[in-house]
Amino acid sequence: MKIDTNDLTWMMVSTALVMLMTPGLALFYGGMVRRKNVLGTIMQSFIALGVITLQWVFWGYSLAFGPDCGHVIGNLSWAGLTGVGLAPNPDYAATIPHQAFMISQMMFAVITPALITGAVAERFKFKTYIVFLLLWSTFVYAPIAHWVWGVGGWLRAMGTLDFAGGFVVHISSGVAALAAAIVLGKRKGYGHEHIPPHDLTMTLTGAALLWFGWFGFNAGSALTSGTLALTAFINTHCAAAAASLSWMYMEWYKRDKPTVLGAASGAIAGLAGITPAAGFVTPIAAIIIGLCLGILCYWGVSMKGHFGFDDSLDVVGVHGVGSSFGAIAIGLFATTAVNAAGRNGLFYGNYSLLGIQIFSVVVVTIFSFVMTWLILKALQKTMGLRVEEQEEVEGLDLSQHGESGYNF
Amino acid sequence: MKIDTNDLTWMMVSTALVMLMTPGLALFYGGMVRRKNVLGTIMQSFIALGVITLQWVFWGYSLAFGPDCGHVIGNLSWAGLTGVGLAPNPDYAATIPHQAFMISQMMFAVITPALITGAVAERFKFKTYIVFLLLWSTFVYAPIAHWVWGVGGWLRAMGTLDFAGGFVVHISSGVAALAAAIVLGKRKGYGHEHIPPHDLTMTLTGAALLWFGWFGFNAGSALTSGTLALTAFINTHCAAAAASLSWMYMEWYKRDKPTVLGAASGAIAGLAGITPAAGFVTPIAAIIIGLCLGILCYWGVSMKGHFGFDDSLDVVGVHGVGSSFGAIAIGLFATTAVNAAGRNGLFYGNYSLLGIQIFSVVVVTIFSFVMTWLILKALQKTMGLRVEEQEEVEGLDLSQHGESGYNF
Amino acid sequence: MKIDTNDLTWMMVSTALVMLMTPGLALFYGGMVRRKNVLGTIMQSFIALGVITLQWVFWGYSLAFGPDCGHVIGNLSWAGLTGVGLAPNPDYAATIPHQAFMISQMMFAVITPALITGAVAERFKFKTYIVFLLLWSTFVYAPIAHWVWGVGGWLRAMGTLDFAGGFVVHISSGVAALAAAIVLGKRKGYGHEHIPPHDLTMTLTGAALLWFGWFGFNAGSALTSGTLALTAFINTHCAAAAASLSWMYMEWYKRDKPTVLGAASGAIAGLAGITPAAGFVTPIAAIIIGLCLGILCYWGVSMKGHFGFDDSLDVVGVHGVGSSFGAIAIGLFATTAVNAAGRNGLFYGNYSLLGIQIFSVVVVTIFSFVMTWLILKALQKTMGLRVEEQEEVEGLDLSQHGESGYNF
Amino acid sequence: MKKVEAIVRPHAVDDIREALQEAGFRGMTLQEVKGFGRQKGHTEVYRGAEYQVDFLPKVKLEIVVPDGRVEEAVSIIIRIAKTGKVGDGKIFILPVEEAIRVRTDETGDEAL
Amino acid sequence: MKKVEAIVRPHAVDDIREALQEAGFRGMTLQEVKGFGRQKGHTEVYRGAEYQVDFLPKVKLEIVVPDGRVEEAVSIIIRIAKTGKVGDGKIFILPVEEAIRVRTDETGDEAL
Amino acid sequence: MKKVEAIVRPHAVDDIREALQEAGFRGMTLQEVKGFGRQKGHTEVYRGAEYQVDFLPKVKLEIVVPDGRVEEAVSIIIRIAKTGKVGDGKIFILPVEEAIRVRTDETGDEAL
């Protein structure tokens, strides 16, 4: 197998872009919490870069992509990057070094558990969080990644399509967020006190970095440079734009005022939602999907109050709802004209794909929910999940890290 | 036509970089307004990503670059990306998919009207602004882009040189900014109250992202990777550096203190000014042009007080003055040694180019001014341009969006 | 020599990434100072983009990389880019234009003196700083760059390995920082007053941009796209991750609370430390080096108090200590399996390299310390190094630039 | 008239405001302050350097009331602000000679 | 001596300062405060959740003046701060027993 | 009881707090304020537009003390805050009618 250095260039760029998304997420979330929790919130994303990077090298990658065990998980023969070298592994990417594929996948593994933290913002005990990161990534992320993308994975074998991580990244974390919000319980004062975002300019900056990095996330998932990457690139941008408009429109329509946080939230919803579909649909379809995503996720977020859980930064409503819709939309809009390696959806005459996609959403949802629930319950019993009430009042920055974000 | 995937890689990277400029601009402007207007100001840039993206797909691109109608505008046959596919369109870029050209141009179309908002900061009614975005992009941006860059465009036919959008982006928006500042009138309290920037660190962050993104803007305008892109890359950086120094020097000389905002403003002036020339001149010429730009735009901005309009964030003095100078400087410094597809300027023995460039500046200036004026006057009569006085006092964040930037 | 446009694409991307590191550093440092010094601190980095860019074009590049004079410095025959054209210079990079090498090296030259400013934060007179920038870059940076990387440079000839600037960038500036902290003396109130960072979210944002840009710094130092760049890319990321964890662990162990600033500091220590080794070691070695770096630099920073100098933002402890260790670690971990152009280290059976590396660390340390000391003493006598006491109390923003960072 | 100055914990403020409003007090003014007292501060660490932060965030509530309603206001504030732990704060009563409503020039109790 | 405490709208401050200065008042102290009163607050929306913000930004101006100049100071402030709309603010007059200038140890009216 | 209100330079605060504490004053409250007086402000420049900033950052320290300890508190503050340059600040003494500790309902000097 010969390496195509142009593909490699593209993958290095993409990987760097995806790496930037994790700090982007840190800012996106950090701006939405109260001032006293800003560092603690940023840290939950930032430290995932540390923890998951090593986890991935030492066992995570091998579990997710290593030689298949019973269609559900990789074995540990690639642990510590054994056998993961500079020659391509044509099973995953024929034109770039195997290590390039590994590091690019690492960035996905890093951001996924960080996404969950939005649901349990302002109350997660840091020590427990570190352990949660390791457990979740090992027992939830790795299996799902293997099912959907790993050679031998059962969903992949069944024909599930997930271009850039709709199932693996967004549905898995969106659903885990639901479980986490329920197990951890509400923030002190939730529903009663006023808990406004402390700095929306930080959130907007984070959203901008996420959007920028998402070009690497989606277009990089082509694993080569070329027209497929370009299509994913264009779809990503168009869906984000469309969803930010439609979310804004909903706010205008329902409350008379379009908010800036709404426009940014819409963009993220569009990005999360188009992720699974980015390399299977046309730009016009991406716009339609984006418009639906803005409306749907606006509604998803608005519903939160009715269910009574405190998904603090709306991970369920945005990532869970958004990417589930996107994954299902593949079953409608996918066309082999865009990606010969994909299949046609309902609108192109193929009925079966839609069912597979819906089934896969259900499977991943149940698995992620149950596993996350079990992990958290176990941690609750042993280490404790939440900071003490007094620490919560004081804020994570002081209680967990002994620092203050600002000394103005 | 075969696609060169390396060129495509470069174009995807460049396009992502240019996309990042719009949020960069949001921060650059956002830091310069008062705290109560920070979100409203950021939103005016951010939402352009939403609005213009769809406008561009559905009709903007076709008007600007579609098949020529009478040398002044494209027709609508490419609306909705009809016929804009993955094969190259050799009229514009022979080695990358037509869609790659389309999306790269989209990012230029997005940022251009956002630039104008600096002139009317802290007072534009959001609802009207959305309509203004659509009208301006359709009736001012698309024609000018067609004249200068479209196949059949009359300025292009005449030999006007504009490497990366000096006319199309910066002069057009800089002049529109002048019209807008005049039509909208001054901010309440302008010239009387102290209206300082609320967060210059945000402005500096924005300037940094703009500088970074501008590598994509200018070097990406080569539409291929290679020495031409590299030259534009180097010229961009050198002009920015030189202009930031000369602006700083002017402040030191005139007022004894070099400001940080001045150095950042100089950099942006250098970037805007070198834009039209980036692919036609040598690095040493770029430095000379940059040095002049810092001085000239410093002077441009200082003049504002004498004319009595409130170009709040100095779009006219920086983008209008800067890029006009850059466009004319092509007539002096251009050399076919750098770009065989260009022509020589005065210093290389060709007298005619200078005249063409000056003429084009005049034409674009008049057109943009008159059209912007008409659009704004029409909107003033119908929807109203400014927020109510009470809303202006309260700030755009609360009055237009029902949010506060900070809850410290 | 034929240009490989893919390598050129990669170098343009890398160069843009490295450019972004300087504003990243501005934010990293800016957040750690007091509010009244934020702009002055940001400016010290930002203006290096202006000053060193021109210095590099007009004489710096020629001194560093131009035709050798006595193995210690380049001559001035490349001044003003004379002879530095679009054809490759195979002595440095055979597949990209000579100018591409020049501009990529420029970004290294820009950030290096900016790194020093952390040691003398909150007290350096701006006028003197500009002169210091020019002198230091000319008399310290250029020679060291020539010795280590220049054709004919004596350390290069001796076999010193420095992949991406461990000696040239980090040791040189880390040691200069020590000299500067000693010559300038402590901040008023140091050791007595509480001088906390004013905005750690800014510092975190800066750290994120540095990490992101460092992919260009290290992987771009391969000067081609390909497996060597990829290895440097992976090592960079892994070392940063590992060091952020081990620094955090040290804090947890020693003080019971892991700080967010600590995790970010660890990441920067990992990045600075792996820089010389990035293209010579395996990913697993990079992780081991990273783990050591976090511990070592934590210790380096903690020592500061015992020596009684005020290295305000810990440049010595992070860059000096970190990169010295990294440079020496090459002597242990380097393997020609990773880079045929390198050599084996101790663990691969070659004893000589370790000695060379240690010797080079000593040489560069002494040279940088002595030269920096002399330059600063000369400036102290002539222009004065520190702002007046009253100006220090008022802050750099007002006293040096007549501005305030925030008007909240 | 008297000015009731209450220095309390920040999170008690919303409830105090509500309770006072219900009791018919229609105006008050609030500031963020830093308090120093028996309540211990906390330690912050920046790269190994420890700082003792002695001042704690408190809120100062000022409400000018007619002489007859001082006790009522005080008791409402105490009821809500009291947690029984060190740091609950203080209430000071100061004499006010005159109050004027800017909008109407009303003075005295009318102006409150 | 009396302390004149005026709670006014933020944007009136510069003008008040100027007018007082012209009238020969050479010192004053200012703080940003949050006010609650008859003037309505506003609603903020974050992702569909509505919050009523009751406290409004006001500025509190403190100026200690000799007994004889209280009325003058008050009338200047009222002249400029009055818009006639709800929320113009209040002025309170408090007794001051002593004033001392730190720099010179002067006391009484001298110290102002 | 009296309230001692001292408006001083920000950087003097830590030392004053320490000195007062040593002298046995166990509580105080602090606010950042902007002062206007004889001390000149500074000029800021934004893109060529000059602004005169008249208000200077000061800190206001409030400490309620028993009648008998007013002078002691004042002299401690003066000792530390005095630099002899314009802008050192002012101290005002106001009467306080009552003090209450929220935690214990103690009143009078007990509550301080």
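To keep things simple, chains are lettered A, B, C, D, E and F as they appear, and every chain counts its residues starting from 1.
Rule of thumb we're sticking to: a residue touches a chain if its C-beta (ideal position, glycine included) is under 8 Å from a C-beta of that chain, and two chains touch if they have at least 3 such contacts.
All of these numbers come straight from a predicted model, not from anything done at the bench.
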If a chain touches subunit B and subunit F alike, it appears here: C, E
Target subunit E, source subunit C, minimum contact steps: 2
Result of counting contacting C-beta pairs for A-D and C-D, higher pair: C-D
Distance between the centres, which are taken as Cα means, of subunit F and subunit A, whole angstrom: 52
Separation of mean Cα positions, subunit C and subunit B [Å, integer]: 34
Subunit E: positions in contact with at least two other chains: 31, 44-46, 94-95
Set of subunit C residues in contact with two or more other chains: 6, 9, 13, 194, 196-197, 199, 205, 255, 257, 259, 261, 402-404, 406, 408
Touch-based graph of the chains, sorted into line, ring, star, complete or other: other
Touching pairs among all chains present in the structure: A-B, A-C, A-D, A-E, B-C, B-E, B-F, C-D, C-F, D-E, D-F, E-F
Touching residues (chain side subunit C, partner subunit A) in the complex: 6-7, 9-10, 13, 17, 34-35, 196-201, 204-205, 207-208, 211-212, 215-216, 219, 224-227, 229-231, 233-234, 237-238, 240-242, 244-245, 248, 255, 257-261, 263-264, 266-267, 283-284, 287, 406, 408
Residues of subunit D defined as touching subunit A within the complex: 11, 14, 42-46, 53
Subunit B - residues contacting subunit E, complex: 189, 193-194, 393-394, 398, 402-404
Subunit A partner contacts - residues on subunit E that touch it in the complex: 44-51, 53
Contact set on subunit C toward subunit B in their complex: 3, 5-6, 8-9, 12-13, 15-16, 19-20, 23-24, 26-27, 30, 38-40, 42-43, 46-47, 49-51, 53-54, 57, 80-81, 86, 97, 99-100, 103, 106, 126, 199, 202, 205, 397, 400-408
